[in-house]
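Below are two complexes that have chain A in common, paired first with chain B and then with chain C.
And then the complex of A and B:
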């Protein structure tokens, strides 16, 4: 397998995103302000609750969960739908389709550079701040390794969902509406807005049968429950893997079937 | 030259608006999907709100219905910025591509002409949702209703909207000075989501920041107090119309200052 072409795309992506230093700065500031809002909001919520543990989660658990969910979101959000949508509207997609690389992988790898920079600029600082603020509530052990594995699968699932949604854009030629629907559903059902533990039944059970919880909830639950036995960790990652394979296949087949649909308005 | 009075501007406004609506209607599928997307966003916002309150009876002395009131209030207050000033999102692209120069040659107020070009109908769904939420919580709080209260509500809703419009104008205007102003605008937009929480949950430092530097507290909290807790109004609540005008004036000056020093791209 020729890995060099992928590495080149990643490198180009890193260099490209380093160009926009101000954007990165604003993103870091925005992230910090967001941390502050979430911290005070949930502190007030827990102060009014009267008990320290709600639905098996303490204030620190909730804080870590929500903050890292957002950090993961910022780091995983690839704006694939926007990118492909714009490609379709402008006609640039024709050029990308002609490239000697599968379109799906091309888009993924040309974005991968930003994964690297986003990881260093937003995820890592957030992680460190949270670890310091919560005074060692995150335990550093084997769970960290499983967390990383789980995040990587999460990225793949997220990308497949994005790609399926982007393929729908071929038919509708509507980007904003489709994308916002996807974003709302993913953020809510993956636990990024409110931890899934707070969901009332039967919604909680339903979310566990959907692929979305595999994106954010799965890695975060592995990170937070440091003393889980290997079997339950394996179950979480296994579920993720199944979704990962299913969605990859669906997105590839759907794309293949839809490619004939493309109407390019000039170029 | 004929003096351009308010009537003149209104007439022009509706003419430009009609053109925009016509062009939007030619993409009917996109319009319908976008509207559904907007409804999705509102429902998801409400669901996460509902989930939190199922677990916690109150936040910092604010009951469920009072929080719902703030939520509905903020939704209504955020409608004008969504409907009438949506073109701010395109400002960056217009400035970058050089299209902005065309606005500089029109014999009407630059700011007015630019903003009137786009009317975002999707926002009307949010308005309906907001009114519904507000009416529902109003009823459950047993606030009573008379003409004076309605007047107060309207005045304070308008001043709340103006604050948000001012924030967005200022954020959008940064594109005249910096390249990647999308992040600034995105940051400000994300902050409006926190407007629905009572400012009292924050520490004094952030209370100050959210009141005077990033005045999101004026979008729902301060103006709502006038209706919700009339016996215990903060002095800032009563001043919120004045503050709104001041903020708007500042943002207008920043916007115009940037627009007037625009040189075009030479193309």
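And then the complex of A and C:
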């Protein structure tokens, strides 16, 4: 296997996103505004609860979790559905299908450059600020290694889900509604907007049997040392791995079956 | 010479939703839908040899792009067979992609925000072109067109002509066996058209690349193709030497003039003066069909200028549509 072509696509993505300075700036500001809203919202929630600990989490716990979740989301979200959907509608998908590479990996690596830039622009600064400000909420030990592994698997799961949704767009030829629905489901059930601890039973249990919590909740819980021993960390990563394999297989098979059906636009 | 593309009895059908009109119709469409089957390509067969430039002609919606998409492997035929380089394209799309290059008129495969040379480098790695072949190709490009000013320009800053030129260079970069050019000269000015034709011609000669060219422009065909295939409503109408076709059309041009004075009377008098020419009035112009084998356009214009004061003139090539009309009327084959 030739790895060079993947690295080239990543590099091109980095160069491309560096061309748009203003876009990066707007993203950072928007992110900041969102975090301010989150801060006041949860402050109000805790004030009205009347106790310091809600669902086993203090206000600080919740805030650290959500700040890191937002940073992780900004870094991991690929907007694949938008990109593929746009290419389907404009017909540009034909040109990408005619690259001598598997389409699924071609698209992944084409947009992978954004991981790198977003990691540097949003996740890393947020992570450092949280680590400095909270003094000790994040421990620097083996959990960081497991966190990285967990994030990589999370990215793969997220991409497979995106790719399945994008494949559905081949049939509907409309993107907006489907994508919004996907985003709401993923954000809510993955723990990216509300910590899963706040979900009522049996809803909470259900989310743990779904793949979505493996995207954001799993790496965050490892980072914030929610697990007591190595065994439970292994269980979290094991669950992620199973979902990763299952969803990769499903998304590949679904794509293969769907491609035969398509009538590319502009024929 | 050996066959590089073999097409037999190729047919492609699409299911098209028949939409009803108006709000009421749209609401009905939500519940019950009528599909009708459209035959975009109907029983087409042809064999193309390595190194040929084939002009694939037809009006809009004739089925040209659909045929090309099947040859590249993007679409699966409804029935019939295609072999390119001895493989079935839609079953081995990635493998086939290594051996073909494509340019689709208005779309670009280049990286929008990057300088051209970066796009070339990405393609070099994707197609796994080795350094020597890559540099040789760039040297060849340099000898044919002035690419150095383009290399460091980002694609979004290019004019349409520059972008098309770049796209064609990108399609040839990995030295493919077949290049598909879907309306490459659409929307370009005369100088750029000539440039691009020269480039395609040179690359075909140099690398013995098979070129399949779809176009509306008879000028492209005239400048490049030894062979033309004409398709209309999915059916093949004509597949033969360009010379054969030229015998009928290549020598005809339409001269349009606008003399001073009243159009009708002038037309009448021109008709008398130029015996044996077809003279008609078309949208404020007097149009004269000139057979250049009998008389040059310049001679005709000269003769007219002696007796008339000409305010304005135009020269037109015969269009694909007119050729197809003539074929239907049974003028060729």
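Quick notes
To be clear about the criterion, the second predicted complex is superposed on the first by the 262 of 267 C-alpha atoms of A that agree within 3 Å, B and C clash if a C-alpha of one lies under 4 Å from a C-alpha of the other, contacts with A are read in each partner's own complex, and residues count from 1 in each chain.
Quick note on the criterion: a residue touches a chain if its C-beta (ideal position, glycine included) is under 8 Å from a C-beta of that chain, and two chains touch if they have at least 3 such contacts.
Treat the numbers as computed from the prediction; the structure is a model and nothing was measured.
When the two structures are aligned on the shared chain, A:5 is found in touch with chain C, with no touch to chain B. Which of chain B and chain C touches more residues of chain A is settled by the count: it is B.
In the superposed model, A:54 makes contact with chain B only, not with chain C. With both structures placed on the common chain, the touch criterion links A:43 to chain B but leaves chain C unconnected. In the superposition on chain A, no contact is made by A:138 with either chain B or chain C. Contacts of A:220 after superposition on the shared chain: neither chain B nor chain C is touched.
In the overlay built on the shared chain, the residue A:188 is in contact with chain B alone; chain C does not reach it.
Overlap of the chain B and chain C interfaces on chain A: residues 20. Those residues of chain A whose C-beta lies close enough to touch chain B in the complex are 20, 22-23, 26-27, 29-30, 33-34, 36-37, 40-41, 43-45, 47-49, 54-55, 172-174, 176-181, 184-185, 187-188, 193-194, 198-200. Within the complex formed with chain A, the residues of chain C that make contact are 14, 40, 65-66, 69, 72-76, 93-95, 97-98, 100, 102, 104, 107, 109, 111-114, 118, 121-122, 125-128, 154. Of all the residues in chain B, the ones that touch chain A in their complex are 27, 29-30, 32-38, 40-41, 44, 47-48, 51-52, 54-61, 178-180, 182-184, 186-187, 190-191, 194, 197, 201-203, 206, 214.
Per the touch definition, chain A reaches chain C in the complex via residues 2, 4-5, 7-9, 12, 15-16, 19-20, 90-92, 94-95, 97-102, 260, 263-264, 266-267.
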